[in-house]
Amino acid sequence: MPKGLVRVDKERCKGCGLCVNACPFGVLTITSELNRYGYLVAGATAPEKCTGCGMCAQMCPDAAIEVYRVVKEAV
Amino acid sequence: METGVIFAGFGGQGILLAGKILARAAMEKGFEVTWLPSYGPEMRGGTANCTVVIADEPVGSPIVGSPQVLVAMNGPSFARFLPRVAPGGAVIANSSLILERQERPDVRVVWAPMNEIAQELGEPRCANMVGLGAAVKALGILPLAAVIAAMEEELGARGREKLVEVNRQALYRGFAWATEAR
Amino acid sequence: MKVLMRGNEATAEAAIRAGCRCYFCYPITPQGELVEYMARHLPRHGGVFLQAESEVAAINMVYGAAAAGVRTMTSSSSPGISLKMEGISYLAGARLPAVIVNVMRAGPGLGNIAPAQGDYFQATKGGGHGDYRLIVLAPSTAQEAAELVMLAFDLSDRYRVPAMILADGMLGQMMEPVELPEPIPPEKIPEKPWALTGARGRPPNVVSSFDLDPYRFREVLRALWQTYREIEKNEVRWEEYQVEDAELLLVAYGTMGRICRTVVRKARKEGLRVGLFRPITLWPFPYEPLRRLAEKIPVILTVELSAGQMWEDVRLAVEGRAKTPFYGELGGVVPTPEEILSEVKKHVRD
Amino acid sequence: MSVTEVKVPAGYVPVYTKPKSLSDARFTYCPGCHHGIFTRLVAEAIDELGIQERTVGIAPVGCAVFLSDFFRCDFVQAAHGRACAVATGIKRANPDLIVFSYQGDGDLAAIGTAETVHAANRGENITVIFVNNQIYGMTGGEMAPTTLPGMRTVTTPEGRDVRTTGYPLRVSEMLAQLDGPSYITRQAVFDVRHVQMARKAIIKAFKNQIEGKGFSLVEIVAACPTNIRISPVEGNRWVAEQTLKYFPLGDLKVRD
Amino acid sequence: MKVLMRGNEATAEAAIRAGCRCYFCYPITPQGELVEYMARHLPRHGGVFLQAESEVAAINMVYGAAAAGVRTMTSSSSPGISLKMEGISYLAGARLPAVIVNVMRAGPGLGNIAPAQGDYFQATKGGGHGDYRLIVLAPSTAQEAAELVMLAFDLSDRYRVPAMILADGMLGQMMEPVELPEPIPPEKIPEKPWALTGARGRPPNVVSSFDLDPYRFREVLRALWQTYREIEKNEVRWEEYQVEDAELLLVAYGTMGRICRTVVRKARKEGLRVGLFRPITLWPFPYEPLRRLAEKIPVILTVELSAGQMWEDVRLAVEGRAKTPFYGELGGVVPTPEEILSEVKKHVRD
Amino acid sequence: MSVTEVKVPAGYVPVYTKPKSLSDARFTYCPGCHHGIFTRLVAEAIDELGIQERTVGIAPVGCAVFLSDFFRCDFVQAAHGRACAVATGIKRANPDLIVFSYQGDGDLAAIGTAETVHAANRGENITVIFVNNQIYGMTGGEMAPTTLPGMRTVTTPEGRDVRTTGYPLRVSEMLAQLDGPSYITRQAVFDVRHVQMARKAIIKAFKNQIEGKGFSLVEIVAACPTNIRISPVEGNRWVAEQTLKYFPLGDLKVRD
Amino acid sequence: METGVIFAGFGGQGILLAGKILARAAMEKGFEVTWLPSYGPEMRGGTANCTVVIADEPVGSPIVGSPQVLVAMNGPSFARFLPRVAPGGAVIANSSLILERQERPDVRVVWAPMNEIAQELGEPRCANMVGLGAAVKALGILPLAAVIAAMEEELGARGREKLVEVNRQALYRGFAWATEAR
Amino acid sequence: MPKGLVRVDKERCKGCGLCVNACPFGVLTITSELNRYGYLVAGATAPEKCTGCGMCAQMCPDAAIEVYRVVKEAV
């Protein structure tokens, strides 16, 4: 399973693309999915590449992103 | 004679422009006319609408309780304005974006796939002209040519001559759609 | 030739044609297009467009430009106009001609940007300190806005009294066909021997509203009030519509005036004998003509986008001669003709 | 299936979630507006310092006028430009409260100049977030005191002419001259690294207040994509390439 | 025990006794002693005295302190009050209690520092934008100033409506014996659950006058006007003096009210049946009681240090039931009782 | 016989007489007030540059409110603190006029902060005479932003407490930070030598305007003997010994 | 009973203090009283005056058209206020500074060399108390002792106890002067 | 005859003494003469010492002083 996992709150997202731009691994893209406010929202189209670095979330102007990371094997 | 037309939809859909072109066409044809937009920050991102009144005596109220024609380009505005349409009036509804398809017995609703038609024409932004073309037919007081001329003037003023041709197509398509719609 | 224009744009263009050559502003909705229009066009006419750091600065720049003898204007909307109150009182006290445009929005406080008429008292009774008046003109169409702006500059120069255009967000934002008035040729603009142009070959001119001696200052103010009396005598303007046989008279100004025009039409269609009285000068208020109508019309219904401000002037005119009910909306809500008509029906024939 | 319906399988722990002190209300800013990032960073600072229950925010007049909807703390909406005076009133009335104002460049640097300068000079123990987007955003894109030379706005259709409207006003440099302020810094958020630095600065500005150090101001250089008519991603570049020429980043005053 | 105090000092001391703990000011004549008194005494009571950078800043500091739930006050004189108009409109819109003192001087403009009553409209009709009202109290003696300041804080808290003390330079500057009211114990000051005290164990409080939606904002304002109606019902205050058999009624407020008291005495000595009606609350104005007197008294003479402002409210009350002449002075000139008496003689028995 | 009835015998030529651009009206300042010296120096500058017939002065609200009575040139009385905005209006309306404002420290540095900063930042081509007497003179001696720490005034009966009211505001240093101004200097008149330097500075400030160089401000540190309750001669010493500690003299910005 | 007293003179002559002492004395004696000063910049350097009203019912007007007693400490104020003095009233005039000695048949004028007397007492600044002392006599409704007590309180409040003695002397001298004046 | 000559405008003078203080040669003093405004005015009580340097006039806050100097013998 991938190190990281990212979730986009569809209704908060405005499709600005800053996360797409911020992600070093090309995990995110603007999808063709319209939300209730008429915005095309972002989504993890290459989730397997996600490291959980959180850069996308730190860049998101709409606090629409949640990032998770896999717990390291018993340390 | 005094008729009210309401255009409504999302911010970016060219709602205000469509209304302005109609108003200009009516003015050029010698009618009295007013164009009243919704304004301010709520437009940004949110919804937009405008009211056009066409009359043969000076227009009193630029706001209209019950419009003769409604052009609804998205779901929220369709739901919001349908109840206000005058009995015997017409609604041009954008079937591309409106999912809950209410009807009203005393009102004629023309369902037009404005976005699809615009896509076909290769210019998504001209969906509003499809709606306007249909409205012109439903209104039945202005020749389409006058509306086309007004459109050319408005786009010219904005230095968007390049878009004139495709918008003309869109007006024709909308007009035709409303003519054939049963 | 008619052009399709917003009320804000017609106001701006008319100011330029009236010879306004110094315009100072601070942005605020719903008069943004006025600012924008001036920014684009005034410099082309050799005029000064300057965005000030605040409304307070803007009105004081107007004070300076007016003192220098130039036709000058500022515009804003309700909260911004409140900030100009000290400056407006100074203009009035120093006898400086200037035009102030208030495109009213809903208050109090920040409120919102929807149309309202809540600043009537402020404009007509003096929102600033001391005993002064502004010439207050209330347009109801873009066309009338253009004409009243020209008039405002003329009256302001003639009487050395600042003038205010009292409009609202609806008029400012809406477009309609406008037949623009002819520009005033510079030589037609009155000389201003009192202006600050440098004391060359004449004794120094002083522009001031200051006099520490109450008895001297009283004389200054008596002269000012003499002028106000003249204005009350000469400049009262209003419109009557279908009043001859009216059983109920609507009184409304600005955009509510035009909306009530539609109400009258609709009422007449239903056989109701309704008329309209539309004050065009809010100060001086047309007390006399309204009083005359009150002699024969039993019900006088005031309609405003406020809790009842012009209503007081209506009652001062009527002085108990007729019933004087009131219908108002608050918060930026604009009633439709249908809503007003149903209010009318409550009062007519009962 | 919608990418947003991603479930979180066992074995994953949250790295980043929406700050507690933010409500569930959507932001009203345009897509990609930097305001959203600052708003979020302020919330993160409030969370980090655990002061949500004693914080009072002051919403300006400007695109941030809806701020009180976004936060889960007490809020007051101030008249245009007067936030520093309102903050003074609140803080003097109740020094136990943590008071911050959040102001645009029209609000703080134009109409609010006097209130800002004198609150700073008095060393009022408050925190000021100053959003320098070189424009009047909410009113539709008029010139701000911070507008760049030659920049086209609604009120400078030919571009800002420095001969008639002056040069961009560097408020932070000006305030740094005063004895009153304890911390004045200029930050930006055009990339993740700068977001992290801006976050630290905002936290420090609140810490100063908690420690009674007095007036702290964080200027954040931002883009207004809507009024500059560029995309949000271009907005980031705009800040990095155009704006920083006139508004160099870094601390302008730090008193310890 | 009576102390000899200026009106300005009595006002300041009463504010402290009313529990005012945040006072923000900007210097201006003729209210200087009020500022000076607060600077010396308020800190001793653990209160905050702060001289702001301007009147605009001062009223916005009041806005902040009021939002924080503290009893707060500012004071100024006419030009300075004009600068507070936006802030006052915000206070009213945000439903914040606060007390504003206006020690009026002659305007418009810079005018001078002599006593005047030219700010009546500004205070009572709303000099700021939008539909709002202030509770306006007009003291005529230093003693009454002290009592009305206490009342102003109470009413303002009770109704969440800002209150204004409308005095003038004469009352502010003159000294007379004052029996100071007892201080209000802190626990007697009403709780303010809406205040900004930190959202601990409760949902966040928001203080604002902003609502972009006209329909929602309309509801807010309807509630506000509901409160105003209550105030009009409960809080009208006035004084009647020798009205029973009066053939002529003087109507005057504040210092002109007390001067007219002397006029009544002098007139009665000469056998003239003159009475006095002195409004104490200028808003809400005592329309009803005055209307009742107008039923039986043929001449109602309004006396003001203005061109005729309260006069309009008098005429709104009288509505043609009696003659309503006016006598006013401008520019800071204060008429002597003798001068007013000779004016009275023009109207009585003719 | 009165010493003032001295006749001028033949063989004597005038070395100093009252400036032509002054009227015969007596000054309304208190005995020994430095205002009188500045007022005279401005008149001397106008005479020296021969601009009396194209000069418009702006009287403030303050002890100089009567200025228009003293001068033989056009004058306007401005609202308290707004002189720089009024000056902007006049100069923009008629650039051929020579426009100067004369403002106190309450007027310019407190209520007029915004108007002053922005006129300076725009580089308005005007001349500003700024009288820093560390007090509100006309209203009876309240604290000004420039009041010295510990100094007793009507509103600081225990002396100015910098913790609650801040340190003296150095307006000139603040304005010198801006790109707009062309000349900012601080002068004094507590002895003849400094009177002569101040005179030169005022002349330069007017010359700059004539040459279109833009915003010039001459701050003059003064004493208000009446409100400090000292004699005029002590007033000179007060300036030299107390005030200059916080307000060092000299040019703060000279652009050529 | 309602009597008005006006004190008038140059700025530095202690006009306001004299009036205030009289007002305080009257208050302590149970009278109703008001004290109204001229105020503002015109005081500085220029002239000052104040009006004291003493009555046995609450005072209406604190300004007085025609005072019973006028204390004029310099020429300009003597010329300005003499015409307003009530017929049968009295004027205490400072002969040290008033050169043009007008008279009025219906008014008693007491000429007192206030500055000289003050000089004799070695305290130029107490000329105002000489005038007040004389006024107390002319007024005839207050015991001098009450005025002396009020003077002590006022000076005490100003921390000027040292000056109490010489001011008491000045009050006596003024009172005596008015008593002997023919 | 003395090199300099100084004249004080009696009605402008407010007796502040700044000129007395400024004169290097003790020419001026505050006299016992009251003007119409109640001020003791300055005057040249040692006129013979006056050099016409003009310092007094430059210091006078009320523009009350005129200074003259004797014309040098035919140069």
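We just call them A, B, C, D, E, F, G and H in the order they show up, numbering each chain from 1.
To be clear about the criterion, a contact is a pair of C-beta atoms (placed from the backbone, for glycine too) under 8 Å apart; a residue touches a chain by one contact, two chains touch by 3 or more.
Here the structure is a predicted model, which is why all the values come from computation and not from measurement.
S.K.: Given the touch definition stated above, what is the smallest step count connecting subunit F to subunit H?
M.R.: Contact-graph shortest path, subunit F to subunit H, evaluates to 1.
S.K.: Pick out whichever of the two, E-F or B-C, is joined by more C-beta pairs in contact.
M.R.: Answer by contact count: B-C.
S.K.: CA centre of subunit A versus CA centre of subunit H: separation in Å?
M.R.: 86
S.K.: Roughly how far is subunit A from subunit E, going centre to centre by Cα mean, in whole Å?
M.R.: For subunit A versus subunit E, the centre distance works out to 60 Å.
S.K.: Please compute the C-alpha centroid of subunit A, do the same for subunit D, then give the distance between them in whole Å.
M.R.: 25
S.K.: Please work out the Cα centroid separation of subunit D and subunit E, and write it as a whole number of Å.
M.R.: 40
S.K.: What parts of subunit D, by residue number, touch at least two of the other chains?
M.R.: 30-31, 65, 77, 79, 110-111, 113-114, 117-118, 138, 145, 164-165
S.K.: Give me the residue numbers in subunit C that touch at least two other chains, ranges are fine.
M.R.: 29, 50, 53-54, 56, 79, 86, 90, 94, 109-110, 113, 208-210, 212, 334
S.K.: Among the residues of subunit G, pick out those that touch two or more other chains and give their numbers.
M.R.: Subunit G, residues with two or more chain partners: 40-41, 45.
S.K.: Quick one: which bits of subunit D touch subunit C in the complex? Just the residue numbers, please.
M.R.: On the subunit D side, the touching residues are 61, 65, 77, 79-81, 106, 110-111, 113, 136, 138-140, 142-143, 145, 154-157, 164-165.
S.K.: For the complex, which residues does subunit E have touching subunit F?
M.R.: Spelled out, the residues of subunit E in touch with subunit F are 26-29, 32, 35-36, 39-40, 49-51, 53-55, 79, 109-110.
S.K.: Considering the complex alone, what residue numbers of subunit E touch subunit C?
M.R.: 56, 78-79, 81-83, 85-86, 89-90, 92-94, 104, 106-114, 116, 118-119, 121-122, 125-132, 208-222, 225, 306-307, 309, 312, 315-316, 319-321, 329-334
S.K.: Any idea which subunit E residues touch subunit D in the complex?
M.R.: Per the stated touch rule, the residues are 21-22, 24, 48, 50, 52-54, 56-58, 60-70, 72, 86-87, 90, 94, 196-201, 204-210.
S.K.: Considering the complex alone, what residue numbers of subunit F touch subunit C?
M.R.: My answer: residues 52-56, 59, 65, 68, 71-79, 82, 85-94, 96-97, 114-115, 117-118.
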